[in-house]
Amino acid sequence: MNAPERSRSLFRFAAPHNFYPLAGRLAPWFAAAALVLTLAGLWLGLFVAPTDATQGEVYRVIFIHVPAAWMSMFVYLMMAFWSGVGLVMNTRLSFIMSQALAPTGAMFCFVALWTGALWGKPTWGAYWVWDARLTSQLLLLFLYFGFIALTRAIEDPRRADRAGAIIALVGAVNVPIIYFSVQWWNTLHQGASVSVTKAPSMATTMLVGMLVMAIAAWMYTIAVVLWRARSMILERERHTEWVGAVLEREMQAKGGRA
Amino acid sequence: MLEAHDLACLKGDRLLFRELAFCLQAGDLLRVAGPNGVGKTSLLRLVTGLALPEAGEIRWQGASIRREREAFHRELLYLGHAPAINDLLSPLENLRFACAAAGDDSDEASCTRALERIGLADQLDLPSRVLSQGQRRRVGLARLFLSARRALWVLDEPFTALDVNAVADLAQALSEHCAGGGMVMLTTHQDAPFTRTPRVLDVGAYAC
Amino acid sequence: MLEAHDLACLKGDRLLFRELAFCLQAGDLLRVAGPNGVGKTSLLRLVTGLALPEAGEIRWQGASIRREREAFHRELLYLGHAPAINDLLSPLENLRFACAAAGDDSDEASCTRALERIGLADQLDLPSRVLSQGQRRRVGLARLFLSARRALWVLDEPFTALDVNAVADLAQALSEHCAGGGMVMLTTHQDAPFTRTPRVLDVGAYAC
Amino acid sequence: MQWESWSAFWNMGGAAYFVWGSYGLTFALMALELVLVLRRRKDTVTRLLRWRRAVGKDSARGSAKEGGTPVPAMESET
Amino acid sequence: MLSTFLAVLRRDLLLAWRGRADVLVTLAFFVIVVCLFPFGVGAEPNQLRAIAPGVLWVAALLACLLSLHRLFAQDYSDGTLEQLLLSSEPAALWVTAKVLAFWLSTGLPVVAVAPGLALLLDLEQGALPVLVLSLALGTPILGLLGAVGAALTLGLRGGGMLLALLVLPLFVPVLIFGAGAVEAEMSGTGAAAHLLLLGGGLAGALALAPWACAAALRISTD
Amino acid sequence: MLSTFLAVLRRDLLLAWRGRADVLVTLAFFVIVVCLFPFGVGAEPNQLRAIAPGVLWVAALLACLLSLHRLFAQDYSDGTLEQLLLSSEPAALWVTAKVLAFWLSTGLPVVAVAPGLALLLDLEQGALPVLVLSLALGTPILGLLGAVGAALTLGLRGGGMLLALLVLPLFVPVLIFGAGAVEAEMSGTGAAAHLLLLGGGLAGALALAPWACAAALRISTD
């Protein structure tokens, strides 16, 4: 409804009707990049990288474990960032971005936990230990779930947006606190009996493979989030004329093909 | 003076009304009318600032109520569907708290007088939980007699559950508030014996 | 036939009424009247068997309703202050459940018809939470159109929150039920256009 | 190339369960998310199309009715 | 007769589905309580393993307990309960339906995720089937007993908490036998006796609790 | 300014007094959860002593959590919250008053009975002052953080449980430092650092939480 007013502002692409086609054009490129990089990373990780001296082949989990762990943390930060922007500038697109990020972040968080657990069994002898890093990752998963559950439970989108933004920001303030408290808690109790082993001198192929996979995860995230945001925009803006036009076009495209 | 320009209200998928505008001067009694579900309650909540309009603006004494919220709320008395009565407190305690929280200073004596005036002399110290429907309603309405200094009264179906005498009494009180230069905006489906026939705002006319 | 003998109702330490007696024949429309807090709701709850009288007895077709509870409840439809509407379910789902739970068999089509008849055609599938006050009320009242076979309708302030057309429509339906040999017992503070003026039971006359 | 044969590759030095368990679930989840996201878009489009049609039809029916319940809005005035 | 039972069961399951956030969140609560323990007592694996059955059972019990208040609360406040009591079917019947729906939507998920959490606390894998079985037999008892408490505390001020106070003493035997079964299995004694007792308790509760609950509901709506 | 604060504080304390059943029942919940543990994990004194600080803190946290939903729920459903939001005072002010009253009526009693329960679990007496102090500093933080969650979940379907999910991760650091303080004292390390951190957390929460909570309330009543 306020579209014309917005398009005059500096943030032209913050207007959903400008962002929507842009996202539609960019997403496939990111998806393609993700695919290519994943294949390259897998090739590096599974075929080129040498066997680890101490761990044998299990260590190959690292090529998804670490990118997933990184992504899960970055995505939460991005979520909090967009939430803050939304609360301050009152732009609907920011809220949409933060809500579109959440499921992907939660997915990566779960993947980090899952791969870590599977890695832990052969190396530590247990699927799970209450190590600081593991624990804060688990709490991060709960923060994601809380955000998703809250925004889903509220039907009115305006309320959902702003309530979710508040919890994302409160969570973001707490993430470092959680991280350090957990670290302290763990080291106080049991010293260094368990710690994430670092390959002493990581072979360059390993490092490169890991970085390639990390960039691939970035590309994948961007593509998925853009696509998800597009659906959310359509839903939110269904009362506007431009969505009407978009839908018309979709229908003709479908009719044309049928 | 209260003015609303070009208001629109969206609920879920449905645009309840749009381009709704009205203006309320000192001494006006405005009845918001329309069939069930047309958006009267929604309009009242927009006017109080509890909900945000999809489009449009509301001004009090020329300033947007979103910008000058505190000044506006000092002049506003809103009684909604929910009577804001706590079940564990007596009518007297409820009334005193309502006044104190709103920032009206009122002592025990004036609260007691207001409750007696509205017909709860025998229920002053009962827990509100056991009151009948009409009596609960009255506890909420007693605030009217302590809020004469607030210029704008916004009342959502104030006559619900009241018996015939109480309806007449309340209509009288509203008329007096207007006569004293106040403004009243209310919804109701019942006829009430106002001394002057109220202006009517038909929300249905702005429905889409 | 419903008879009440010598009823008394005690709330806290207040005896609301005593020696209250009335009798309802097929075709009767009885309006329970009296000012706020006199004990109308309390009387209705005694009649349905949800509360027990301090003294006295209520008989349905000659048998005490406490002894023949199930037979009595098969013939009774009670709609109280609380509308028995679950916020998460749609009006249609609410109505279907209400009928099924009460033991009335009713299919989707007849429920839909009842809701359309009462003016909720556009709200059939919304969650009830978002309905307006009047619309919520209507969902509860829609059961009337599916319960013609129940002889005794006991309604506590059925006209609350309804707009003028709905009030007329409901009064019409109640009159028809009576004309068809049913009985209606209701409270209300509003005037409603019944085709036949109802008998009035003034609870105030039995107050202590 | 690290592997002597495909079977050695699949065996992963005895750690097949852990390695393939990780890779398998990860790519399964990513694929699932991708499918859900793309399907959501299609669902949204069809649902909104249906919604607009319903709303359009409703407005025709509603105006025919005598001053009855207000009709859902179709689009805004921009 | 059966139609009321089915109507209530169907509606309550539908409601659980509509409000599936609720169900997920009960589960999340269970998970989180279990995960809190290591923070409180420290992350030593041996200690955790020793207290694991107790912690899991206490958490399941709390999760059950805390969702109990919503068994009748909504229906009570919106008047549906009055209407059900005015139905001419025996109240014990639809009470059973309500408890069944409640268990299907809260107890069952808890039973389903318990093995995963047990691994988190490093419980030995051999004890998992006993854990699941003891929970599957025990949680319906909790639901049935809890329903009586929920009915008695309807609309009271201290509602949820008063409920906890009333039913916790009744839950203690279930907890003892439930956690005991797992511990017996771990210590090699065998869990059959414990499980049989739980089964007997379930049969008894199924026979008696619905009637008590129906009576309590009539009292609470008076 | 202060008058709204005092009016809200006075009323909420009066309400707590009227509904003192509630307060007692929160306490009873605390006591019962602590007492359930020996049933769940077995009555071995050494083991009990080792897990005592954790169990006490987890129980206190749960007791707090479970009373949180009634911080705003009643006022929300009867319309009082709307009226408070229409008052011309800053909302953070009366939110603080509400949280203070809440803590006085739930946190404080829990702090008061904790030493007794600690003795029941055979905690050494030297650690009791630290236990009390850590609870006295920690429970207000729980109340303040919890108030934000309670405000955000007002009137939602999964209300109480959703609240638990939202705030439990936030409670973990408090739990760690609280239980950690007692354990540090028992192990001779000294609890000063933990207690200082708790104090800092309290100051931070006091400065930020009321504003977040006020914003959340405005959002929830829109």
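Each chain carries a letter (A, B, C, D, E and F) given by its place in the written order, and its residues are counted from 1.
The rule we apply is simple: a residue touches a chain if its C-beta (ideal position, glycine included) is under 8 Å from a C-beta of that chain, and two chains touch if they have at least 3 such contacts.
Molecules present, by chain and UniProt name: A = Heme exporter protein C; B, C = Cytochrome c biogenesis protein CcmA; D = Heme exporter protein D; E, F = Heme exporter protein B.
Fair warning: this is a prediction, and the values are worked out from it, not measured in the lab.
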{"item": "Chain whose average C-alpha position is farthest from chain C's own", "value": "A"}
{"item": "Same or different contact residues where chain F meets its copy chain E, judged by the half mark", "value": "same"}
{"item": "Rotation angle (°) superposing Cα atoms of chain B on chain C, nearest 5", "value": "180"}
{"item": "Distance between chain centroids, defined by C-alpha means - chain B, chain C (Å)", "value": "30"}
{"item": "Euclidean distance of C-alpha centroids - chain D vs chain E, Å", "value": "35"}
{"item": "Centre-of-Cα separation between chain D and chain B, whole angstrom", "value": "46"}
{"item": "Whole-Å gap separating chain E and chain F, where each centre is the average of the chain's CA atoms", "value": "25"}
{"item": "Sequence positions of chain A contacting 2 or more other chains", "value": "1, 142, 145, 149, 153, 155-156, 158, 185, 238-239"}
{"item": "Sites on chain B at which at least two other chains make contact", "value": "8, 10, 12-13, 15, 35, 37, 52, 81, 88"}
{"item": "Touching two or more other chains - residues of chain D", "value": "51, 69, 71-73, 76"}
{"item": "Complex contacts: residues of chain F adjacent to chain A", "value": "145, 148-149, 152-153, 156-158, 162, 165-166, 168-170, 172-173, 176-177, 180, 183-184, 189, 201, 208, 212, 215-216, 219-220, 222"}
{"item": "Chain F-facing residues of chain E, complex", "value": "19, 21-22, 24-26, 28-29, 32-33, 36-37, 39-42, 47, 50-51, 53-55, 57-58, 61-62, 66-67, 156-158, 160-162, 164-165, 168, 172, 175-176, 179, 183"}
{"item": "Contact footprint of chain C on chain B as seen in their complex", "value": "11-12, 34-37, 40-41, 81, 119, 123, 126, 130-135, 138, 157, 160-167, 189-190"}
{"item": "Chain E residues within the chain A interface of the complex", "value": "21, 24-25, 28, 32, 35, 38-39, 42-45, 48, 119-120, 122"}
{"item": "Residue ranges of chain C in contact with chain E within the complex", "value": "48-52, 70-71, 73-74, 76, 78, 80-89, 93, 97-98, 100-103, 105"}
